[in-house]
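What follows is a set of structures for review.
Look at the two complexes coming up: subunit A is in both, with subunit B in one and subunit C in the other.
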Partner chain A sequence: MTEHSLWRFSRAFHRAINERQLDDLEPLLDDEVEWAIYGPIDMFPFFGARRGKEAVLEVIRQIGENVRVHRFDRESIMLGVDSASSMMRYSLTALDSNKPISLRVAHFAQFKAGRLTSFRVLVDTFDLVEQTVGYPIHLPRMAI
Partner chain B sequence: MELSLGENLNRQRVLNFLDVYYAGGIEGALDRCTDDIAFMANAPIDILPHLGRHRGKAALRQMWTTIHKRYSDMRYEAPILVAEGDRVAAQLRVFLRKRGNGRMVQFDVAVFYTFRDGRICEVREVIDTFDLVQQVLERDVATLLTGKRDAVI
Partner chain C sequence: MTEHSLWRFSRAFHRAINERQLDDLEPLLDDEVEWAIYGPIDMFPFFGARRGKEAVLEVIRQIGENVRVHRFDRESIMLGVDSASSMMRYSLTALDSNKPISLRVAHFAQFKAGRLTSFRVLVDTFDLVEQTVGYPIHLPRMAI
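== the complex of A and B ==
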């Protein structure tokens, strides 16, 4: 039984972030890979959409310059045919402020011939922004 | 690896559930859930109090009724569905129209469904909440936080 493409990608992705070592990741990306982390790009420039291997390697390099992953726990994982989805809890450090950040993340990955063709990431971004600025954001309560 | 019959069935069950829910069929959607259904959406519940954690059909009926009272023209796109065993993950783009002023709200959400005996027993959502809050409140919160000016979208 062959290993699902997600596992190789996951190992290479986390090594790329923490060790800034992209060599293992590069051959796992399709030349036309589509990439998106949904969130406020004016606050987090490494969020947003990218297309193509070079752009994706560059954004992963930027992520590695901004955060360090201490731990991640997969709360749910689904492995499909050439696809995968996980809900995870990440413990990170923001490198510029040395602040700890705890974050729930969901991702959807699609592969072709073992290479990543699409990667979409959803984050509880309001929580992320509050942790990043370091205080709760007070806004009007919605009327029920 | 290929999808089993059960996985294909659960995938279709999610699409049927979404079709019913977004057409306004709250009772039809509840019929597809177990009595003890657990719902959890990460969200700032001081701003969006109808989200958060809920358990049981009565609680979900109340939450969904609140949403349907507040929004019309609800629809969704499901570009990605992943099924394995009794679970299905969906990446959704959701479109809602505010009944108050007719403005559209659209946001992205990851939804993880778990099935038991053919019914949904757990729903967990991860939402791009910052974007959602900005659209719901019609405030450019990023601009507020960076102290540039008070901006209305």
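== the complex of A and C ==
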């Protein structure tokens, strides 16, 4: 039984971020890969949509310049033949401020012949913004 | 081939919200169902964790008092035997302000004997907060 593409991608992705070593990752990306991390791109320029291997390698390099991953736990996971989704909890450090950040993330991935063709990531962005600015943002209470 | 539990749950869930009719939903919830929508509970008291059928019916009733669902599109979906995950885009109205809200959401669901046993929902919360307050929240730019 061969290893699911998710595990190989996940190892190479985290190595790319923490060791700034993209060599393992490059052959695991489809030339036309579609990529999106949904969130406020004004604050996090490495969020947003990218298309194609070069653009995705560049954005992963940018992520690696901004955060270090300490650990991650998959709280939920689904594996298909050529697809995978997970809900994960990450412990990160923001490198510019040296602040710890704890973040919940969901991803949906598609692979073809072992290469990533689509990756969409949803982030608990309000929690991320508050931890990044370092103070609570005052919110009105919605009627209930 | 029987229908996947997700479809029955999804119909009953949206009917519960828009028609405030919980009768179809009640038999589709496990007595010990675990439920969580991650996000700022100070602003949205119907976010957060709930446990057990009664608590989940009550929180779905609260959601129905606060929003109306106009449409939803599943952008990604994975179905397992007793599990499902989707990334979805919702078009909602906030009932207190009559404001339209467009929202990306990811859910992971587990079923047992056709009943929901676990439901975890991640929301693009910063986007939701900005749309709810109705003005952009100023953010510093993270170093890059």
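The rule is simple: the second predicted complex is superposed on the first by the 144 of 144 C-alpha atoms of A that agree within 3 Å, B and C clash if a C-alpha of one lies under 4 Å from a C-alpha of the other, contacts with A are read in each partner's own complex, and residues count from 1 in each chain.
Operating definition for what follows: contacts are C-beta pairs under 8 Å (C-beta built on N, C-alpha and C of every residue); 3 or more make two chains touch, one makes a residue touch a chain.
On a predicted model such as this, the values are computed, not experimentally measured, just so you know.
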Message: So in the superposed three-chain picture, is A:19 touching just subunit B, just subunit C, both, or none of them (first/second/both/neither)?
response: neither
Message: Contacts for A:108 in the overlay, against subunit B (first) and subunit C (second): which applies, first, second, both or neither?
response: both
Message: Touch test for A:139: subunit B only (first), subunit C only (second), both, or neither?
response: both
Field: Which of subunit B and subunit C A:81 touches, first, second, both or neither
entry: first
Message: Going by the contact rule set out at the top, does A:127 touch subunit B (first), subunit C (second), both, or neither?
response: both
- request: Based on the superposed arrangement, let me know which partner A:54 touches: subunit B (first), subunit C (second), both, or neither?
  value: neither
- request: Tell me which partner A:38 touches in the superposition: subunit B (first), subunit C (second), both or neither.
  value: both
Statement: Shared subunit A footprint, subunit B vs subunit C, residue numbers 38-40, 42-43, 76, 78, 80, 83-85, 87, 104-106, 108, 120, 122-129, 133, 137, 139-142, 144
Subunit B-facing residues of subunit A, complex: 4, 38-40, 42-43, 76-81, 83-85, 87, 104-108, 110, 118, 120, 122-130, 133, 137, 139-142, 144
- request: Note which residues of subunit C are touching subunit A in the complex, please.
  value: 38-40, 42-46, 62, 65-66, 75-76, 78, 80, 83-85, 87, 94, 96, 104-106, 108, 120, 122-129, 132-133, 137, 139-144
Task: Using the touch rule from the top, collect the residues of subunit B that touch subunit A in their complex.
output: 1-3, 7, 42-44, 46-50, 66, 80, 82-85, 87-89, 91, 108-110, 112, 124, 126-133, 136-137, 139, 141-142, 145-146
